[in-house]
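Before anything else, here is the set of structures, which you'll find just below.
The two complexes that follow have subunit A in common; it is paired with subunit B in the first and with subunit C in the second.
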Partner chain A sequence: MELNILLQQIFNGISLGGVYALEAVGFGIIFNILKFSNFSHSGVVAISAYFGFFVSRYIYTHFLVTLIITTLAGGLIGVIIEKLIFRPIRLKGAPLTLFLVNSITAAMLVQQFFAATLGDDYYPYPVFMKQTSINIGNLTISKTYTLMLIISGLVLLLLTYVLKRTKVGIALRAASTDIRTPSLMGVNIDFVISVAFFIAGVLGGITGYLLGMTYSVDPFIGSMILKGIIAAIIGGMGSLGGGVIAGLLLGGAECLLIAEIGSSLTQIVIYSGIFVLLLIRPEGIAGKRYIIKA
Partner chain B sequence: MEVLKAISISKNFGGVSAVDQFAMVQRENEITGIIGPNGAGKTTVFNLITGVYPLDTGEIWFYGKNITGLPSHRITDLGITRTFQNIRLFRNLNVLDNLRVAYGIKVRYTVWEEMIRWPRVKREEGETEELARSYLAYFGLEKYGDMFPYNLPYGLQRRLELARALMANPKLLLLDEPAAGLNPKEIHQLIETLLKMKEEKNLSIIIVEHHMELVMNICKMLYVLNFGKKIAEGEPKDIQRNEAVLQAYLGDEG
Partner chain C sequence: MSSPLWKRGVRGDFVEIFKSIGVRGPMEFYIKVLEITCLHTILVLGAYLMTGLTGLFSLGQGGFVSIGAYTASIAYLHFNVPFPMAILMAVLMGSAVGFLIGIPTLRLHRDYFLLVTFGFGEMIRAALLHLAQLTGGALGIAGIPKLVDLPMILISILFITFLIYNLKRSRFGRNCIAIRDDELAASLMGINVYSHKMKVFILSSAITSYGGALYAFLIMFIEPNLFNWLESAKLIIITFVGGVNSITGAIIASVVYYSFGEFFRFVDVWRDVLLALAVLFVTIFRPGGIFGSWELSPTKLFSWRAKKG
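For the complex of A and B:
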């Protein structure tokens, strides 16, 4: 591979990896606190992707403004999903398996809803930029990928700040090791769980927008978070930092392999590689031998 | 003054009666003990007071306010905090953050204000940190602020739990076996600390404890539970001679 193509692919890989990292963290933050795999995250991503499309297409065509609106909508969708399908069973003390079932059902419901209503067409986002790439020396860098990288980076930094320093962030971290005790320390655990779903929804909203903008929207766009879920697992369930690193590695590996062996073979290599990786290191990159439940 | 009043509270778990028609009164600035054999329902009483489980029957009043059915975090906010039989510190938070969690309810700013670093946020964050450090110093933990709780020796973990319980500025403190796992010297220190805390912070304290020396020394009133039922109440010297209590502890054969 030529050097400039190699560099270009690494850059694209890290940008794509940034989106995987957003997915991994959005998925992982719910796992951390409620200990179930939240597949309904793909529903949030899909709704946000369509939402972003309609807003930017028909209401106001401006990249940053529609991104922010979609992000907030994603957060709201996350909160609503929690209130509708997870809170009722949580208050009844349902087992984790039921949370998993509800999350998968929600994901399927969203997918089938869009397939039934908007499924016949692909919906491409409007073109926000006149030029689609920038040239640096003999490198051609896609503007979309650059934006993806910058936005993922900023969002992850902001989230780190919220989790490390703010009141609700500290409460969230406390609840992730022990969900019963914080309320006896005066923490409103229902609120903290809502915040977790809001954060996950925000991340899902950005993911949906970025994916929609990059690939155009179809009913199955939500299933693209599978890579993020894999990143969360490789990263070590329970470790958000591990998920970010795994997301970046996965994106990088994917883009390098695509350049080397083509895109269809790449997916086969990556999915098989994950089996091997988890056989060698079942706790993931940074995980502390968490027992992966549900 | 009556701090806490439990009126015939009961709790069943799957047909097994954990607490049966229990009643107690806690007076201001006193230390009260709840004793009884293992499985007598002592911890369940704490769980009922702090809203962990809903009551099957009865009512709980706190400073003349009916707190029956309130969620745990509201009860904490009103001024009841507690420690746990098997220490429940947050293992992924450092010592200072463990204390910060408990003070969250006292600061009223929102996450949005925190993100734009509103002046009020800075001031209250400073206050929180100062308060946390002062409690660490109070319990001789000032060196350990950045450490993770489960790297501390057991005795210090117990003290950290006490510090965390005080962070939310309680009026009533519930201590679940605070002497468990402590050596005689540490128990002696604990007795001194509890008496000092009670006076300095005008606290009322309820203790669930097996350690008889501690209970007999510092409690003004004792309640004795057996199989969820109250079998005796009174001052320590009377309880020590109570026939029913001796039988519960020693068994019927004696």
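For the complex of A and C:
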């Protein structure tokens, strides 16, 4: 492979990895607090992708404005899903498997609902930029990918600030360590969980918008989130930093492998790689060993 | 979909369906529906054994269905293995792969297990697409003869149900339920968690690949996208709707869902929307599933009659 093509692939891979990292973090925030794999995150992503499409196509075509609207809508959807689906079973003290079942069901509901109402058609986003690529030397860099990278980076920085410095962020981190103690100390745990779902929803909204803009929207766009879930797990459940690293690695590896050996072999190689990784290091790249509490 | 659902007559749709699947009249259609329903019930029983009994959450059931279907049909078509041997080979292959996958993954925590089995399912799909000389790639394998009929599937279901029912009431089954409810407590009571999980996983893989092998010889056409992760998830979801503790519930839920799906083929994707809504309602208002832990058992049936008479 020539050097400039290689560099280009690496750049694309890292940009895609940035989106995977966003997914992984949105997924990891919920896992940290409620300790279950939140597949309904793919539902949030799919709804936001469609929402972003309709807003930018029919209401107001401006990249930044529609991005912000979609992001807020994503957060709202996250909160609604939590209130409708997870709060009732949480209050009944249901086992964790039931959360998992409900989250998978919610993902299925969203996907099949869009498949039933809008069909398998592709909905391309309107074109925001006149020029689609920038040339640096003999490198051709896609503007969409650059935007993806910049936005993911900014959002992750902002999230780090929120988690480390604000009161809600501290409450979130406290609840991640142990959900019962903060509630005994006077933290409104219902509110904290809602905030967690809001943040995850915001991340899901951005992911949906970026994915929809880069590819186009179809009912199965939610399955893209599975890569993010994989990144979260190989990064180490509960470690957001690990999720980011794993997301970037996964995106880079995927782009390079697809260019080199084709997409069906890539799947095999990636999943066997994960298999081997989990064999050697079951706790993920940055995770702590998981202790099962009675 | 040409015209909206509410504008079309139900009857007309049935005629269309008859034509599309090549059956002559209603009777044949009912048999076809029953066959497909029963086949899926076998797969649901495999999922029940794993999720309902032991609490293992696997999204890789589809992988085992594909392994069963492809092993049996390749053995039958390319290597001229007789039909019963082909089925047996599929089951053995499924168990062997289950064992190999189980060695590293069953030690992992629940969510990792979920991911690895999911990855396994996707890997099998990609591998089937890639090995095009043997598997026909995306085109799949067509021209498999129809060697499976309704009595054979019904006997299989009865046998598997009998097996799981007795397994559930045995010491082994109770140990599995203990593992499902609390792994740590179970291991402190002296139950070998890993070996129990392994046995259940192998047995479940065997049942699922058996179902897959029957599938190939019933539908007569297989392709790599036969069973994606959503279909695998559906199997687990159905056991949860029926009742986590109840084989009866799992079977009834599966029969209702799949026969509903076949009868109302023209609502197609909406049936999954309905299923999802039903599941959410059930889990929110009745977390134990519709049937909870209620079982239909012959002894209870007879004692109830005796009391009444």
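Note that the second predicted complex is superposed on the first by the 289 of 294 C-alpha atoms of A that agree within 3 Å, B and C clash if a C-alpha of one lies under 4 Å from a C-alpha of the other, contacts with A are read in each partner's own complex, and residues count from 1 in each chain.
The rule we apply is simple: a contact is a pair of C-beta atoms (placed from the backbone, for glycine too) under 8 Å apart; a residue touches a chain by one contact, two chains touch by 3 or more.
All of these numbers come straight from a predicted model, not from anything done at the bench.
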Inset, instruction - In the overlay, answer first, second, both or neither for which of subunit B and subunit C A:Ile274 touches. - result: second
Inset, instruction - Name the contact category of A:Ile229: first (subunit B only), second (subunit C only), both, or neither. - result: second
Inset, instruction - Please indicate which partner A:Ile68 is in contact with in the superposed arrangement: first for subunit B, second for subunit C, both, or neither. - result: neither
Legend entry - Touching partner for A:Thr105 - first (subunit B), second (subunit C), both, neither: second
Inset, instruction - Could you look at A:Ile10 and tell me whether it touches subunit B, subunit C, both or neither (first, second, both, neither)? - result: neither
Legend entry - Of subunit B and subunit C, the chain that contacts the larger number of subunit A residues: C
Inset, instruction - In the overlay, answer first, second, both or neither for which of subunit B and subunit C A:Thr166 touches. - result: first
Inset, instruction - Under the touch definition given earlier, write down the residues of subunit C that touch subunit A in their complex. - result: 1, 51, 55, 57, 104-105, 107-112, 114-116, 118-120, 122-123, 125-127, 129-130, 182-185, 229-230, 233-234, 236-237, 240, 268-270, 272-273, 275-277, 279-280, 283-284, 287
Legend entry - subunit A-touching residues of subunit B, taken from the complex the two chains share: 50, 52, 71-73, 76-77, 81-82, 84, 88, 90-93, 97-98, 100-102, 104-107, 109, 111, 114-115, 164, 168
Legend entry - subunit B-facing residues of subunit A, complex: 158, 161-162, 165-171, 173-174, 176-178, 180-189, 195
Inset, instruction - Spell out the residues on subunit A that touch subunit C in their complex, using ranges where they run on. - result: 31, 36-37, 85, 88-89, 92, 94, 96-98, 100-102, 104-106, 108-109, 111-113, 115-116, 119, 226, 229-230, 233, 237, 264-265, 267-268, 271-272, 274-275, 278-279, 282, 290, 292-294
